[in-house]
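Okay, handing you the structure first.
We call the chains A, B and C, going by the order they appear; numbering starts again at 1 in every chain.
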């Protein structure tokens, strides 16, 4: 009896794979948390027949997966890391797809008066001055790198008991911030989709420095001959198509637009 | 209140037989039961052999098993990941981010646990049987066989401990499976994902489903074990 | 049929952590009869039997059977003072030694049923052996030892914790086995039992054979002073 259950199980599971063209795409947590992938993937399957298997990881790991040839393409948002990836010959090219933005979240009481900041740098300065608790991803992700670059731009070294690097994904970091009533920088999509907002509120957004460019980089078949180059190219063609443009620009959470399509 | 909404969530997921839930639950079962069968096939005879035989590497083997039991699954996951990666030694197999990779990781995680518990249980049985089986001129293999058969109840417990550890494991299978929707997502990785999204109620709901499933499997195995021969010893 | 005997022990010694438990033993046993090993507690009866059977490793000297040692081993069986019950049914216990040597299941089952009948366990075939009473256990152990038709059967105080009735049943089985040609070497502290079963006696003291004689001589009054004292129930040292 055990054997029949097993056979049925394996059959059911194998059936879900195998049929379609499959490719693996490493994406960042922030992209996945936005919920946009749930809209795009079924359409991609429908239009191109490709079943895109998403590996949801931090930017650092996405780059590593691409370098090792464990995925066929990556969709990330960290320019410096992307350039390094290309310089190493791991990717064929870089294609910009869309952007969204980062926002500052904090306790609605806003002891540091971040809501009144004139710029991103000013917002950070206010947090530092107030020594208000600030949660950092601290996981070498694209978001974390962005945050560090903002501190650098504001000429502040984030150090001290108030600065808490949690070494976790966006959701876990937001959970921590909610628990600590702390400030945090998040991508807008993750924030809007976050289910445990608690006492937190969006306090500052809009500085152009906070824009977050997503790019698509196929893995170089010269490095890894097994990669699905053709499927990766097909997916890229779809991602820059008018269908994708409409889906991306129209995607809203609570009536707010999240992404701006800017592929050329 | 969070707990309550978790229970409600679990209830609704179950009564509506949510398609995604059914899928990941079946996948959890498939991965863990396969790993359990393979791990038991390795670990139970190993435990018996350790009880029966005084070979030179025996102490070292036991020490290694005990040490491996305390190994964080994430480390196991990482090692399997590096081995299975396209740029690793077994990369050509293309196994990374497949259920097979998850099975491999789970096997490595639970073999030491099952072997250790089996060894403990069978050592006692072997001290009972020692004189008799030596007197009967049994071969090493026959001794192992006798212990495995007559100790099957204790071994069932060892395997169930392995099941418990495997079904609830998240660190390793997250790393080697990648938590890909419709492909390698299982209950535990789904829970981690929903927790990450702050969807505590859903995460808790899935957690309750996991607990319920673990209990159901345990009961089922015990019932199967009991019906055989009236289950008297 | 007997190709084990005579067996010769020359300086056979059993040691445990440097201490001599038995020996050096010089002894020759012939093919016929029932040898009963007697002596005070701790004299080394158990140790001697285990050494001869080969489940305790010889620490010195030699034991020579009339055939190669592996063959000798294959034609012996041992019944322990505390019967060792395998955790399976009575039937499973009885078929086990037969299955070890490749007897088919159906034949093993037939012979097991037969053996159970001979010792009065026929209606307990499906009962788990660990749940038998003390007497039933020892009868099962005896039947299990005899089922391979060994030429030589060792018994270590087989009736030590049994009541009179169970003891009588065991003795009946042993008498039958001996009549059928099975060579018995048995230790006991029950002098009545020794008188009833023995054809020859080994009297052991402090790990050494103090006396080896026929049963008539031993019990007929020609035993050594120490043995006489032991038979009378005096404390000997």
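Keep in mind that, in the parts below, a residue touches a chain if its C-beta (ideal position, glycine included) is under 8 Å from a C-beta of that chain, and two chains touch if they have at least 3 such contacts.
Note that the structure is a prediction, hence the values are computed from the model and not measured.
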Nearest-to-centre chain - CA centroid comparison: B
Per Cα centroids, the chain farthest from subunit B: C
Between subunit B and subunit A, distance of the C-alpha-averaged centres to the nearest whole Å: 33
Inter-chain centre distance, subunit B versus subunit C - centres from mean C-alpha coordinates, in Å: 47
Rounded Å distance between subunit A and subunit C, as computed from the means of their C-alpha atoms: 79
Subunit C: positions in contact with at least two other chains: none
Residues of subunit B engaged with two or more neighbouring chains: none
Sites on subunit C touched by subunit B in the complex: 53, 55, 73-74, 77-78, 80, 84, 86-89, 96-97, 100, 128, 130-131
Touch list for subunit A against partner subunit B, complex: 6, 9-10, 12-13, 16-17, 24, 29, 33, 53-57, 67-70, 169-172, 174-175, 178, 193-197, 224, 226
Parts of subunit B lying in touch with subunit C, wherever the complex brings them together: 125, 128-129, 131-132, 134-138, 142, 146, 149-151, 229, 232-233
Residues of subunit B defined as touching subunit A within the complex: 23, 26-27, 29-30, 33-34, 85-88, 91, 94, 96-97, 99, 178-183, 193, 195-201
